[in-house]
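Each of the two complexes below includes chain A, the first together with chain B, the second together with chain C.
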Partner chain A sequence: MRRGILLGMIMLLVLSSLGGCYNRVELDETVAVTGFGLDVDKGQKVISVQIASPSGKPEGGSNAEVETMVLTESASGYAQAARQITLHFPRTPVWSLSTSIILSEALARDDLRLMMDFVSRNRFIRPNMMMFLTLGTSPEEVMQVKTPPEEYSSLALVKMMQGQESQSGIYMPVSLREFRSKYVTPGVEPVIPQVQIVEMDGEKVLQLQGVAVFLGHNMVGSLTEKESYGLRLLVPEENRGGLITVNLSGDRESGPLGEMVTMEIIRSRARSTPRLNADGSMVISVDIEADGNLYEQTTSENLQTTANLVRLEDLTSQAIKEDALACIHKAQLLKSDIFGWGSMISRQHPDLWQRLEADWPSFFASLQVEVEAKYSIRRTYLIEEAMQIRN
Partner chain B sequence: MRYINRKPVRDQNNASQPAKNDPVQAKTDLRLEGLSEQLDENLQKLQLLLENCSDAVTRELSFGSEGSNKAAILYFDGLIDRVELEEHLLRPLLHNNYEPGDISADKQNQIVTALIRELLPMGEIKTLDTLEAVCDHITAGDTVLLVDGQKQGIVVGTRSWQSRSIDTPQNESTIWGPKDGFVETLRFNTAQLRRRLKSTDLKMEAMSIGRISKSSVVICYMKDIAPDKLVSEVKSRLEVIDIDAILDTAYLEEYISDEKYSILAQVEYTEKPDRICGHLLEGRIAILVDGSPMAMVVPASFPQFLNAGEDYYQNFIASTLLRLGRLAAFFIALLLPSVYVAVVSYHQEMIPLSLYLTLVAARQGVPFPAAIEALILELAFELLREAGLRLPRAIGPAVSIVGALIIGDAAVQAGLVSTPMVVVVAFTGIASFVTPSYNAGLMVRILRFGMLFLAATLGFFGIIMGLLLLAVRMASMSSLGQPYLSPVAPFNLSHVSDVLVRRPWSVDTTRPYREGMKNQTRQKLPPKREES
Partner chain C sequence: MARLTNIQLFCILLVTLAVTPYQVMAKMLAMILAQHGWMAILGSVLPGLLLVWIYYYLLTNSSRPFPGMLEEHLGPVLGKIIGFVYIWAFFLVVVMSLVLFANFFLSNVLPGMPISILLIFIILPAFYALRTGLEATARVVELIVLTAYPLAMLLLLFGLGPETDWSRLLPLGHFDMAALGNGVWLVSSYISLMVVVLTLGPFCHQPRLLWRWMLAVFGMFLFSTLAAVIIPIVAYGPVLTSIQTFPIFNIARATDVANFIHNIEIIMVSVVMPGVFSILAIFWFVTCYSAQQVFGLQDYRILVGPTAIMAGVSAVLLVPNIHFLYIMLQQIFPWIFIILFAILPAFMVPVIWLKLRRRQDSDSKKKAAPPK
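This part shows the complex of A and B:
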């Protein structure tokens, strides 16, 4: 028995030296990093950190006054810059809590290699953080924009991104993990959604605006909103949510306003397959299948007839095809294979890929693409007929 | 099977041979003497033994047609039923002018035999022939009649004393099911068992343990269910116990359990006869001790401590959910403070951001590290609980008010502790009350502090290590030879379900497996109802 106790105590001692208390830090000696931005400035690496620091008496709980502050440091490396923050800040930042990384356009256009090592190697940076790219402004400015009712702009960005995805379905969130894997995989190029500071009623607000497209280590251009919508329709994973507007006249851009119909997409899925022709040329055929509901109509014409519903389905399929093609054309223009067709070919035709890999961007740019879209209406929601205006 | 190799702890023969020339020893020698034919001599010796016992009563009398037979009655006041004594012993002797026929010289005990056979209208009656037996019986509440010229005395059962009436157990309150509980008198308790299981297979073997207390101990088991080996093992472990007194059933636990120096509860206690009957029907053994309302059930396995008696009376779906809730409460009571401390001091990245901000705001200005804070509050809670237990009922509520005000409010207001910690400790406290068994709850309360220490020094690593050690310890333990974690480990598919769910009675046709158990079948499956 005594031997057992002795053994137990020795075990405990050994255990404590194994794990140790070395990383123990009291909660009130820390601050949360809600997000951080990476920038370059004349060869110096600049890191901006948004910090949430509750202050005041402890009774507050969730209603405690919280002040947000942005610290910026520059050094020869990002880790070095991050360390420098501790020189003039009294608390330990908890990096693992941050939710978004904001890259500056300058950094993206310069060279991604500058930051990919830092964000991949560091064990305090979570791979599920969302990535954003600022257009024109520095990450620091973006983080300083007030985003009521949300206290922290880096959190607000994440919530904006998630909200718009299920409601309007234009942009897709990109996590660090996803970005990283596309960055290192041959035959697929990464994208990052862009954020811009715009003036609205004299106040600076953040707005999601377009998608940055990369090729190799640099950003090469941006997709517009329409093209971004097309990009979302083209990914092989199933998408949920989103709205698309069609016009009964067939002209979505300039058709009469009174004939606009908004269709909801509840789920969509794209299936792309490479097809080799007898002459050796390659065609990528894309099949988009989508389901959805009639969401809003501005005419008083009864659209809920069999003929009209089929017409609406055709119009919506047409619109989907149009947006997808717009995106494909832009990507081909930028020579950036953001759809991952290259990696798809490498899986299905490995020997062919061996020949194509070296010159893939220009081959991608000249690829023939066929898009087929099929949209089916499931429901028309609460009313049976169109609203009639009675005089 | 661990108990087969078990050696007796102590040799009883050695213990009962103390040094000579000891005044205590002299008295013992006197006790060992047989009764003599001379009543006066017997009374003299008994006088010596009963010296300074103010509650001992000796009543001398003479009976027979001419008062020719001298006799004496001995008893302890307060332990006997006086009415019975007067009506059924004194009245026949004194009023009947009884004359036991011819007494020949060679049949010395004929008067005694005749009295028992013909005169005394008592159910419990027998003869005795040593002074020791006289002492043993009168201290137990019997009355002894000594007759002059007889080498034997008569003992009649007149035991009756003031005792608590059968009541609802205070510690095991239930909403559903039988409400009666055990009392301090052994005979009432055995009667409650027999009343529920009307079978001669319900065996109640009695023995007496305790040099001074000579407490009656009864081992109850179902003859056709309980394994013989288990019964004989329990008996042999009880037989070797040498102790001066048994004041509660719990005295026996340390003597008969497999691991004497363990915090883990190894036997189950209950005050409820219905619960005991349930255990007996599953092949367990109950040990009842005179003077204690707590019955002990062996062998115990850990999952058993999370079952409440009500589980078997309520709707089985409700019982199953409650049982799962109880399992969750067990882990909350064991781990919640340590998990909180580990997360707050080591693993901040695990906290969602909004919760993090709330916690940081609440911890602003708290002077103690989270681990110390948890320790202070846990200690305060345990002290409050203990104080509430000891205080007279009239001022008991005052403690909870003071506790709630001081600990819950003032300490937070003063910035000594943080609100989340108070919530954590309070929730832990509530969870720890969920465990139906008190001794298992006690074990959780103590282990919680160990876990807190591990969490404070090693974070989650420590908690996992602690849980591993606990699991290894539990898995290696046994209770009367039955693995402590059975039927979870060793795994028994058909009975492991009874740990988490309460199966409906109509499909629960087998008893939980126990090595050597006879008669595994409870009942047949009910016949299928014909659809008409």
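This part shows the complex of A and C:
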């Protein structure tokens, strides 16, 4: 009898769960968020949400365009603004499907604290989302740009970032997890790749342009393309992919076009070591090792000779060093330790770090840095000599 | 009398030791010791081994399971009074497990779910297991450990993604000794949850071999807790680990294996859930069994119903918010555990030793005395 009652109670409880999870949401009552943007406007926090079309791609084959839907709301806080969207939008946005977070420059220059709290506390915002910063435009405008063949600009940005990393190798993708980790760790400052809207043949397109540099809770400046390339060369993790152009004349910026040679970087890695001098000053010595292939040459000169290969290796090493130094000088100018040297010192010389920590940005700006780069050519792909026209 | 195999006891001890630290130890140690949190675990090896020896000594020199052994060694009055205190201490662990899991679940998975419904869903299976008996519970725990423990470790391993930086554990040896002592004390307090062996050990087939299983459990605990403490630090760094409510859950959230395995936090919850069931069922059994021993009841099962209601109500009332939960976990529970589960059993060791010594002396005197 008692067993029967107990069994009955269990059955009753199991029956109550047949409806599904406690706070389930039906698919036709939701809509996927592909990305969202955060901005500030006259003290108000603005959130823009790019919504995937609930009905999918319209008829008309691969040429059919999906209408991009961007919802924008503002309030005193981002969570509040996000919830206000539900006041005029009939479906529940599924935030966990979002792939990118786009910040406005105004927000980055103002204060990141509220934004960081919002994206760290909210369980629907996934740490693997990629971060971008808009340059000279707002996240809302970026999300409204058409990016064929991709239907949604937030997804397109992620693919652009991943694609350029293995091909051009200029910018490094930054995930929310990485940004958050650097944001709270002493001795290292975070960066975010920037995106801008440019006109091409009368059409607005998105373009990755530079890297935003932070110091504490604010953005303090940007790296150019060349400096961003240098930043990628300076990270301790192994990098794969990327191109670098050298000029046989030795002048990369304004040397003759006919002497341009493009070198591919298959992999590169930087090792930074702090060195204490007898007078108490500190030198950061950076060793960059890279290897790659000869990728393109405009000169008809045969570069695949022992002497020329050594010359090319030297020129490429010099170019790598130049880009790395350009990045270091810019970071020092901005007093932002984006390389994590402070963090490295805190691990290797904790006593010294205790003295330096309080005034680290100023100390970093005056640090003496020595960069050595060594590039080795491995292969030349399908031809060994330049194509010669014979009459 | 119910009988447990040695492997069942091993599984029971492993869940009682490993489940709570798996959920919260990373955060607590990161708050105390930053990147040196793992050193506290290594530092707790000696206290842990000492506890294993104390429990084994008590087991091999007692004829009754805990808390009956209190009456055996300290006399019926004092034994019953202390035994009564232990009922509440074991009950506190039951409530702690409930509260911890409720907060874990409501913070990360379903914040809108009423806590009462969640508690019913956790308590009900444990209630049924206890009503069925210790042997059935032990069999379920055995299955849970064999399936969930490797999966729990695998989920941690998945957390070692491309952003893992082992240098986040540096600098070594640059820490405050008081903080290390605090960390060792904290870890040792959770090791003392092995005290259930005093109640369950006598149910074992081969109590004389228990030391091997206890050592094996301790080794497994060290391994899993080290992994649970180190992986969040190398993945996030000590600062972020210390500010997250449940760093282990965030490891699962951030897991992305080759852009193929991700969004696995629900698997993490499904691993933690049976673990919580196990620790709940075991300590609940020990609570009821202790009450049976202290009050001289015929069967512990009649206490399962009332204690279920008490546990549910206490879980709602005990901790008003997650901030207070961590205060309890870090500052209040460890004191209770250390005093009742480590110091008091340790105090019993010399008592038993002296009693044995006296008995041996009187035995030898009897032998030496000429027959009348």
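FYI, the second predicted complex is superposed on the first by the 359 of 391 C-alpha atoms of A that agree within 3 Å, B and C clash if a C-alpha of one lies under 4 Å from a C-alpha of the other, contacts with A are read in each partner's own complex, and residues count from 1 in each chain.
Throughout what follows, a contact is a pair of C-beta atoms (placed from the backbone, for glycine too) under 8 Å apart; a residue touches a chain by one contact, two chains touch by 3 or more.
These numbers were taken from a predicted model, which means no experiment stands behind them.
**Student:** For chain A, which side has the bigger count of touched residues, chain B or chain C?
**Tutor:** Of chain B and chain C, B contacts more residues of chain A.
**Student:** Looking at A:A32, would you say it contacts chain B, chain C, both, or neither? Reply first, second, both or neither.
**Tutor:** A:A32 contacts chain B only, not chain C.
**Student:** Taking the superposition on A as described, I'd like to know which of chain B and chain C A:L382 touches: first, second, both or neither.
**Tutor:** neither
**Student:** Quick one: classify A:L6 as touching chain B (first), chain C (second), both or neither.
**Tutor:** Second partner only, chain C.
**Student:** Given the touch rule stated above, what does A:V94 touch, chain B (first), chain C (second), both, or neither?
**Tutor:** First partner only, chain B.
**Student:** First (chain B), second (chain C), both or neither: which does A:T185 touch?
**Tutor:** A:T185 sits against chain C, while chain B stays out of touch.
**Student:** Could you look at A:R177 and tell me whether it touches chain B, chain C, both or neither (first, second, both, neither)?
**Tutor:** The second partner, chain C, only.
**Student:** Looking at A:P350 after the superposition, I want to know if it touches chain B, chain C, both of them or none. Which is it: first, second, both, neither?
**Tutor:** Second partner only, chain C.
**Student:** Counting contacts the way the document defines them, which residues of chain A are shared by the two interfaces, the one with chain B and the one with chain C?
**Tutor:** On chain A, the residues that contact chain B in one structure and chain C in the other are 21, 23, 96, 126.
**Student:** Using the touch rule from the top, collect the residues of chain A that touch chain C in their complex.
**Tutor:** 6, 10, 13, 21-23, 96, 123, 126-128, 175, 177-178, 180-181, 184-186, 237, 344, 346-348, 350-351
**Student:** Can you tell me which positions in chain B touch chain A when the two form their complex?
**Tutor:** Listed in rising order, the residues of chain B that touch chain A are 261, 344-346, 348-349, 351, 353-354, 356-366, 369-370, 412-413, 415, 418-419, 457-459, 461-462, 465.
**Student:** How about chain A: which of its residues touch chain B in the complex?
**Tutor:** That would be residues 1, 15-16, 18-21, 23-28, 30-32, 34, 52, 54-62, 64, 66, 94, 96-97, 99, 124, 126, 155 of chain A.
**Student:** Show me the residue ranges of chain C that touch chain A in the complex, using the header's touch definition.
**Tutor:** Result: residues 107-108, 110-113, 117, 120-121, 124, 128, 131, 162-163, 167, 170-171, 174, 236-237, 239-240, 243, 250, 253-254, 256, 262-263 of chain C touch chain A.
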